[in-house]
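Labels for the chains are A, B and C, by order of writing; each one numbers its residues from 1.
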Amino acid sequence: MTEVQNSPAVAPAAAGPSVKTGRRSHLREAATGWLFVLPFAVLLVAFLLLPMAYAFKISLYRSTLIEGEVFALFDNYKQAIDDPLVREGVVRVLIFGLIQTPVMIGIALLAALLIDAATSRFSRFFRLAAFVPYAVPVVIGTLMWGFLYSDSIGPFSALGIDFVSSDTVLASLGNIVTWQWAGYNMIVLYAALQGLPRETYESARIDGATEVQIALRIKTPMIASALVLATLFTIMGTLQFFTEPLILQPLNPGAITQHYTPNVYAYQQAFSFQQYNYSAAISFLLGAVVFIGSYIFLFATRKRSALR
Amino acid sequence: MNIGNFSARKVSRRSVVAAVAATALALTGCTSGGDDKPAEKPAGPVTIKVWAWYPEFQGVVDNFNATHTDIKIEWTNAGTGQDQYTKLQTALKAGKGAPDVAMLELQEIPTFALTKHLVDLGKYGANDVKGDYVEWAWKQVSSGDQVYAIPVDAGPMAMMYREDIFKKYGLTVPKTWDEYKQQAEKLKTASAGKSFITDFGANDGGFMSGLFWQAGAQPYNYDLANPTSIGVNVNSAEAKKVIEYWEGMVNAGLADTTAFHTTDFYNGLGSEKYATYLAAGWGPGYIQANAAKSSGKWKVAPLPQWVAGENKQGDWGGSSFAVTDQAKYPDVAAKVAMELFGAKNTEAWKIGIDKAFLFPTATPVLESDTFKNKQYDFFGGQKVNEVFVPAYNAIGPFSWSPFNSYNFNQLTTNINQAIEKKTSWTAALDTAQANVKTYATQQGFKVQ
Amino acid sequence: MTFKKGSVAAHIVMGLLAIYFLLPFWWLLVAATKNNDGLFQSASLWFSDFQLIDNLKLLFQQDGGVYVTWLRNSAFYAVVSGVGATVISALAGYAFAKLRFPGRNALFALLLGLIMVPATALVLPTYLLMSQANMVDTIWAVILPSLLNPFGVYLLRVYVHDSIPDEMLEAARIDGAGEFRVFRSVALPAMKPALVTVLLFSMVASWNNFFLPLVMLSDDQLYPLTVGLRAWYMSAIMGNGGAATFNVIVTGALVAIVPLIVAFLMLQRYWRGGLTIGSVK
């Protein structure tokens, strides 16, 4: 992505200034440039690079209640890779991502295609309705759904479904995520649809193509890059799944265990058991997986993605 | 034993340079400890920061501040239970940000005492108030002359039951667990499965531990005087007896398994879903606040016994005040810990008993007329403490592990999963035992 | 005719989806008008006794009126982090797009690489570092990390690169304006639509922030709404021995999301604008 940028056309030497002033202005521009990015660079170091380095460092130590901290190289990583609870969490978020992502992106795409095709007053209202859940903080959205799932105060008790049993809770969590983010993704996709040149499908319409055909065969492929990005951000989100299970946990700790997702597990290791070092190793592994995974995904789909 | 010292010693010189950050953290942790001499006091009142989550606590704090010109308490509610412990642990480890005085539930005391971040209150006269507490309660907070915290409230267990439901279906008040099961079966048939005898909330480690306690189980054998060795007996015969009993109750559809304190649980208490609630000493206020519409229908009877005619009891919950090593004036903080809910602080206990519904640990308060003979409208005017106080006095000794978060986590996770997956509960207890043993060994304990 | 039939079908699907998206709000609105008993006893999707005013009173009185403090904190964190992050992103985005300085490409590549680093993985080490800097349990522990917004920098760089021609800046430079003047009086006004978008995104991210303040803050006087409401919820659901006031929590949730929804509806245009920059470009 870095090579995309073409160098700004700075005043050429032909404009007249001597070599000396030219160099001075170069120096000045360099100094100004650094001055401008300095606050950002400082923050980048302080709140991204330093914590990363620090997390890596403490992940190389082991700490026990009795013996304190000792250097252990990659012991924590070995333990994390062998830890069945970590594996269980990873498998769970992968399954979750594989099911929830297509469902949600599907709903978002459907909604986006609908509001793109139908230009009624209701479709404008619908656009807002679908987007509003995104305005709700995740914590509050989850609390709300926790109440909605409740047998005693929620509206679905007549259905007789236990929404937080171990069989249903993953789907219940998926519903919360879908509810909260489908509208956001809808807007992203809708914006991409709006950016398409209308002529491309006007001609198809004249040729007798139905709206459904136009939507599926013409519009959808044309917004592939936006779809790819939306999918990527969703997958990244699901791998880091944390807030929703943490909030719903008290409703059924047998179903939402303390190792439900890798992030919940890392949180519990650090903050309930004071195993900061092991927690850092899990976090670091998870971060590396998300990071590498994102890039593999982007690379594999780079032809369709805007992020070339 | 000091974590700080140890790490500073082990880390090689080269990595010290590379790791200034981490060791600085550890070093501040150890230097802020051990200083016994109280700092010189300022001219004005000494400010003491207190973390606690008691209901109606503001009144107690205001009352304390009004009656002490030399001390000013600053109270923070840093979260309930694990939320507060998490913050307290991290603040203690960081060497900064902890309060002077912190509320600790009884089961958490060894966990915090092991980190050496609790001040020995024995040095500040805590042993003088020892006589105000019964033996088991004092043992929960001390080891020999070392006093880690001052007990505040406790949770002796008893059985609350719905008199109306009992009458409606012709049930009798059970005295033993066998009778309890018989009544449960009768209730199930008579109510056509609409009512359960009770709810077994496997999300609450304290509840299950209380039942183990009553049955004479000793999951841990641990004394802070010998902090590196621990006996682990989570799956003892006594504990298995309890767990098998409840497995039978749940699988037969006699007991519900809704998690405690959830909306569905509260709803069950207020409706006719549960005929009894196995409660603790803080239960009267709790149920009154959360199942108001069933007011007047409840009565309290002693917890059923395993052997007819015995009086074995267990505790569920209860708390204390500890002083952290970040207290600048540990003597003043110790005074606050001893007096806030002290035996003589009748004003505080007025709020504690009438508004917060705490079950006091101090014998003078327990035996006072205002507590013992207090009539509860919610229980149809019954003097429920006539049941709770004898139960409290009959509780035997019980020791907790120095890693209680892990202990409760293992207990609740494994039993809950057994409930969810309909697998054997005793096997779940065996799993917990194996996991705890592995964990304790990993943490460097000598496990017996 | 087929178009019409299709349109009806489309509206039915939209109608069903709209119910799905709005039902929880309807429930929340109704639930906030009930007292604790009403929550449990009455039909959950319709009003019974109208107790909203009482609930609001309870909400603003519980724990000495701490809810108002949380509301104020959330607003304060959102404004300070939002404005700060936008200013910092604007400076950096502009510099990346229009100024040549050594290390620019390397730094920008680093930024792009780090956009993907999961934020939750960094909370624990950030906490430990903050505690060494003595900043845990202060407002800085929440605000400072929120000032970093790599995505905002990226958006603004793209925007500046595409929409501000070099000639415009050059003209100002030839007129003798210093680099900062050029930035302030030429670039900044031209960046306005993108700035508003970044501001909104940063403010909402801060308003919704949960994990970071949950870990950083112990003092309930410093909590934002998200952490405070969860603390109440946990205290109800962990059983602290007191009353579980679900009606207060529900009302608190309603009050917490109203300002956001209003802001969203009013500023829709900018959202769409921002999302377009992010996705299409």
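Points to keep in mind about this one:
In the analysis below, a contact is a pair of C-beta atoms (placed from the backbone, for glycine too) under 8 Å apart; a residue touches a chain by one contact, two chains touch by 3 or more.
On a predicted model such as this, the values are computed, not experimentally measured, just so you know.
Taken as a contact graph, the chains are fully connected, with every chain touching every other chain.
Between the interfaces A-C and A-B, more contacting C-beta pairs are found at A-C. Put simply, the C-alpha centre of chain A and that of chain B have 40 angstrom between them.
Per-chain CA centroids place chain A at a distance of 15 Å from chain C.
Of all residues in chain A, those touching 2 or more other chains are 54, 58, 147, 152-153, 250-251, 271, listed in ascending order. For chain B, residues touching at least two other chains, in rising order: 21, 82, 90, 261-263, 266-267.
The multi-chain contact residues of chain C, meaning those touching 2 or more other chains, are 39-40, 128-129, 234, 237-238, 246. Of all residues in chain A, those touching chain B in their complex are 54, 57-58, 61, 63-71, 147, 150-153, 165-166, 250-255, 257-258, 268, 271-274.
The part of chain C that touches chain A in the complex is made up of residues 2-3, 6-7, 10-11, 13-15, 17-18, 20-25, 27-28, 31, 39-40, 44-45, 88-89, 91-92, 94-105, 107-112, 114, 116-122, 124-126, 128-129, 144-145, 147-148, 150, 153, 161, 166-167, 170, 173-174, 179-180, 183, 204, 207-208, 210-211, 215, 225-227, 229-230, 233-234, 237-238, 246, 249-250, 253, 256-257, 260-261, 263-265, 268, 271-272, 275-276, 278-281. On chain B, the positions that touch chain C within their shared complex are 21, 24-25, 51, 53-56, 58, 76-83, 87, 90-91, 94, 96-97, 204, 260-263, 266-267, 270, 282, 285-286, 289-290, 292-293, 317, 356-358.
If you check the complex, the residues on chain A that touch chain C are 1-2, 5, 7-11, 26, 28-34, 36-37, 39-41, 43-44, 46-52, 54-55, 58, 107, 110-111, 114-115, 117-118, 120, 122-123, 125-126, 128-141, 143-145, 147-148, 152-155, 157, 179, 182-183, 187-192, 194-195, 210-212, 225-226, 229-230, 236, 239-240, 242-243, 247, 250-251, 263, 266, 270-271, 276, 279-280, 283-284, 286-287, 290-291, 294-295, 306. Those residues of chain C that touch chain B in the complex are listed here as 36-37, 39-41, 63-64, 127-129, 131-132, 134, 136-137, 218-221, 231, 234-244, 246.
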